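Inspection log for the structure reproduced underneath, given as structure tokens.
Note that the chains are named A, B, C and D in the order they appear, and that numbering of residues resets to 1 at the start of each chain.
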């Protein structure tokens, strides 16, 4: 019998928080079994040669929207494939009731099993869900979600108060198929309940509330002003219609409530200097509150100074080049703690119509390493181990997957992205391994691509070929410290 | 011919910002004509002996609600009488369209003349109005209000978004007789227009927006929680139903928007430590914004540690004794700049019913000096000239009446409250000279009462007798520097 | 008998904190006896026509060094003459033992009477002294100084630790004729004693310590660096030799000690943006400490971007034009509370030699109004009543002369500067009425000059003629609330 | 040939920044060669069984004073033995010229080789030096120290300005055998030079200046006050003689200078709440400056509420129990980054005499794990991997030893402390393995002791026996990234 199932030899291993070290890695039963200067090739059934490659812990893409615009089963297959091609080995996707997604309402005790049943047949990568409670009844399920459901992170969408996803109509409640308001009163009660459950279970990991911080009432006024007097540059108009200062406003609103509710907060997809400064400011003003600040690949990789059409519409909007530069500084000085894709793929036809009614969002999960290595490491000198922190160790930690995921440690899941940091490629639709029919990044060049992805010791992507199968992925119950011994 | 129409002799004159000085004051044609160590008694037609008395500038009560719950003509007579008895010589009252008040909607160009016509026949004191724009059409009238209407201060009520005055029903729009929302989008556009007009006319005085800062969405949640689990002490329940932290939240919301709209803000009736600290905090964080912080007589004079019934319901609520003490410190260290009555008198029958549906508000204008002198001067050592600042010079300044009102200076209007700071009286309904059928202060003792009130050289109240007549009062067009030479 | 000794008619009177008002002023027995719209000319023995003139309260120049470089008797005559010509009616001068001044050491109980005896024969203006304690024995005299000596403000010179006035030699102790160190240990004990006396007498006025904040240890290093590599522009070299950041350092040092000693502090002659920001910062960080921030005429009127020779050497140095602009903003937004001359006149021969050894300091008291009116009112729109605050009412208040001095109020001393704000003059030595043989301002033009100065009802300067006599001035014992009824 | 020289089996390995994991460790040629779930026992020459033990990275004690009070050769042997017994595998000791230490003055180019020659024969543990420049000539050697000398961290002692070590006499310069002052001027030039060298070499690691922040001028005054009026409790008197606020003052002084010199600072041995708050405050106020905040074992383990005699005298002094509690919170919330012993052993006879003249300092290096595990882990729930951060990974990082030292990573030096976290022992002199004849901790009980210490793969301490020999230790040249490939 072999001592290891697989050994990854001769690579430079990227240890989050620690640094890069040339060393071999042994894998047994899907877990890391050894880290050694020279693990004998014949000690393993299979040898992966990583000469001239960097061995990163598999990325944890902690902001994803699988099944939002297309049938879940289909979308999970195609988009977890895209993830796998990009070195992502775990996806944490958002889910809510109402239109789109499963197009259902009801208790999560009933809907979650259905969601998981479909998911388990479809994902190539491991996965989990953040859940958005939409009703009072949902709030009562939070403790069950944590202890039974394996869901330890929740979400609140500020904009649904008045706006649908597209931001076009006030019929949000119909769209959400609910009766109750989506307002600060509901949010406060939501925070109180998350806080209560957090106090009970925080020894296993922080139970937190993710918030999309934009103020829809302000947006209605600012969007109307831009619509009345457009510049004609769509992504600038869209950014002005939802200006950064309303992110600042919304972040302050959420932070003050969180202070009084004692609720841990994940500030999602901070798009602008003002948003990051607001996040920093509330973190300093309210040290008793746990705030996590998240950045996205598209806010780091795209700016509205580029020539973008309305397929790049996303909420919050793509901002200016100066904002992009500020986000990179905030990432490098450790204010932004996680980088995510916020992957959500509308059919191209839902990107049609006018700027104000077409769907927001687009995919990006497969660019997790290319964007961070090109723009971070090559262009701005971000150390590789910091990249592994923001796309793997930190998301795993803050979302209660650590050290099962996100750690290069004996006993952790053997999830790896083996990356050629010097490989250069131009973006084509094929290179994204997605069902999405468009991409704002088409034609752009990135340097730094994974060529092998390993999930729990199994190769799922290699040299351009998808090797994994739908159903390879497992649902990871969180907090892992509660659900796994 | 006499050199003066009247001379006030032998009094200790209270000069705001300066101090107290024994000196005589001569009056001619309604204005101060001389300030002199010894003005000859025979130089004046009439001599008022102020031996052992303090001669304050007449108070400017800059937060008032005349005509809100009773017919304007009636209410203006009875409540400006109450004011006159309390040494108040100018009232600035809030006015809006919709139910209560004149029960009308429409443009202010039409309604303001009607309002003034009634008012001019009714007031014993001078008066002006702050106006609350409720519709887009109203926003377009702001410049007219300033330049033609004599109204240079505006108002926004956050709570009308969801709540009526009583805080009981969501039918706010019907109550207001409007179609448009009362939300942050409207508020932002409102601020932008106030800001624009301010930039045009600020050399004559700051054009500002007064905001009642409470967050109605939060209140719906917190009030429901208290209703579900009341303590039975009505004023504590009511305070918990609208907790101080939602004032803090609302103040932050307003302040951030004001920063981006460039709009001067008057933070009304700060009731609690948290509210004042929030006001201080935003003042320091956003030094480019002009913030004015207002205190009220009832938040300074009453606490819910006292034995109060639901007639003391008011928005924001009466707070704890610790809050009261904090407000006094904030007043004495010059953070609170003005003290007002927020006088509003519901009929006793509208104070009936349950705590949650009865009307908020009560009168207090006649206690302007008793509260400040008893609790400020006697109990906490607040200098008398500081009292004249907070109840006369500052409100006059910040609301564009200065130096016509609020100054003891040759050429200013001869408005005075001649006060016996050692007179002690127990509150009875009669002592308030109001039509209000109740008072939370009944039975309390105060030390420091006006015995003579002089309006533009005319005695309107003397030794317990109302001498003035309805119609004595004049509408003061603001900014006075624009409307009077 | 006439009702008034004098009446000033038809002037625009500048009331500090209040505004400007056309009104007449009556004077009797050296005090203001009436302020009246129209005081009959025949009611007074003497009429001063102030048509087209502004009647300011006489300036209180609260930072002065009489007798420092020349015999006190001589210097007090010539330099109080200069002050009188400039509308200054009260001088507060600094005094210490050691070389220069009276060239003596010993207890103030012995030296103060001698100082006052000479002074009383010499001054044309009223005067007082701030005293710098140099020894442990002096500290024990502080309470006597306040209660008997009429001196309620003290001083500490940080630089004497290592430097003489010229900053050239370490022989500071010989120069001061003392044995004890001048260091933070002494300063701390000094602050503790000022604080103790302040707690006893603060009801009569704050007993405070003025500190010249520069760090001599740093200066030794930075000056050596500049001397080794001079630019050749003397005032830039001198500024770099004592850079603004060491003011920031020294202010922080003093502020932290004051926090723990509980001692009120007067931060003298803030010369730079960094100094003012440091003063603002410590004021906000330590709200429990009373800080006063002082500006000088030369730091407001001169910059090292001008063509200045080494006669403009002063400590702290003349700074850049950007610093000057910042100081004006700080003055206008009320951070700097007082403006002073720091008048000190070395003989021209002591301005000889090299930049590093020649004497610092020069006169400026006669430019009190020209600088503030030209640069403040005409150029930057500073209101006239604010000028009266910073050069009269505030210095009087903070140094315990108010309301005897600094107030235009019946009963206050009848001290006035009657100013023609449109008169334009070019600086000559004659125009300064000083014994100083040079001036950095020679040839500069200012607009806004006093043409009459009145001290306690007596004209001491009129239309270019000095009318007052040495000995006209009185010693004003402070706090006036303790020493005068 | 064996694959490994040694394997440590069955232990729970403590990975800094990551967590604890049961895993085996292989060692080859003094370095970690493998980390594996199950490394075969027969793959190694030697097997160390760590069942029921925690395997920490060897501690890096980055504040030490070897040879200060006793001959270096002797002291290095005995005190590195004490360190080895306590799981410390690397010592960074401070060194300066002047009395004590080598009792010499002169250039470091001459003295450092001599220092290293003695050291290399004496140390049982690896070691390095921080160097305190005392003269202008020394400043010119800084770049040489970094590039040739293997010394990348410098030191400044504020108190030597006026005080000797004992704080008793002003003869500091004689003691230091120097002519130049030790003052802010020198410090500023010192910082400028450290900053310059840092800018040149920071890609290899931050070149920083460690500062002992106490203000000797203030201490002279505060100590005199306590001496004049002692309480009789020696450690309270000593704390009051050097009160925490003068640490706050000194930290602010240093921070402001560092801001202008652009110099990275290590704030040494923060003893009190005020010191830590000052460190936190300057870190926030001056984000452009790199500040490191250090805690010591004795300030974390001892308080002057305990019954301590004057052998516990140390600078800064032992503080109150409340301060101790605050330091623990600051350590646990990551404000204090390193924990050190500040080990310095005077002969008992130099602890004699009165409180004010006896020597400060005492040993503690052998208590590195007992204090942190007892007071941190057992009593306050500090995670074990955080302990490895503060006593190994962080000191290694901030002092440029990482990842050669401080990392449990393949390729790093195989330095380990194998700890029984449940072992309980009472302190005796024998248990400290020191030549020191006393200890303030005698009789105290701690729970959590190392039983094996491994240095570069060699056991140097095992089960109470010292196994290593003088000369086992190597001088580690820093930055390791510059000096080792």
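Basically, a residue touches a chain if its C-beta (ideal position, glycine included) is under 8 Å from a C-beta of that chain, and two chains touch if they have at least 3 such contacts.
Note that the coordinates shown come from a computational prediction; the quantities given were computed from them, not determined experimentally.
Engineer: Shared touching chains for subunit A and subunit D?
Structural biologist: none
Engineer: Report the inter-chain centroid distance for subunit B and subunit C in whole angstrom, where each centroid is the mean of the CA atoms.
Structural biologist: Computed from C-alpha means, the inter-chain centre distance equals 42 Å.
Engineer: Please work out the Cα centroid separation of subunit A and subunit C, and write it as a whole number of Å.
Structural biologist: 64
Engineer: If you average the Cα atoms of subunit C and of subunit D to get two centres, how far apart are those centres in Å?
Structural biologist: That gives a centre separation of 52 Å.
Engineer: Sort out which chains touch which and give me every pair.
Structural biologist: A-B, A-D, B-C, C-D
Engineer: Where on subunit D is subunit C touching in the complex?
Structural biologist: Against subunit C, the touching part of subunit D is residues 181, 183-186, 188-189, 215, 217-222, 224, 243, 245, 248-249, 252-253, 256-257, 259-260.
Engineer: What residues on subunit A touch subunit D, complex-wise?
Structural biologist: For subunit A paired with subunit D, touching residues are 3, 15-19, 21-23, 26, 28, 31-40, 284, 402-403, 407, 409-411.
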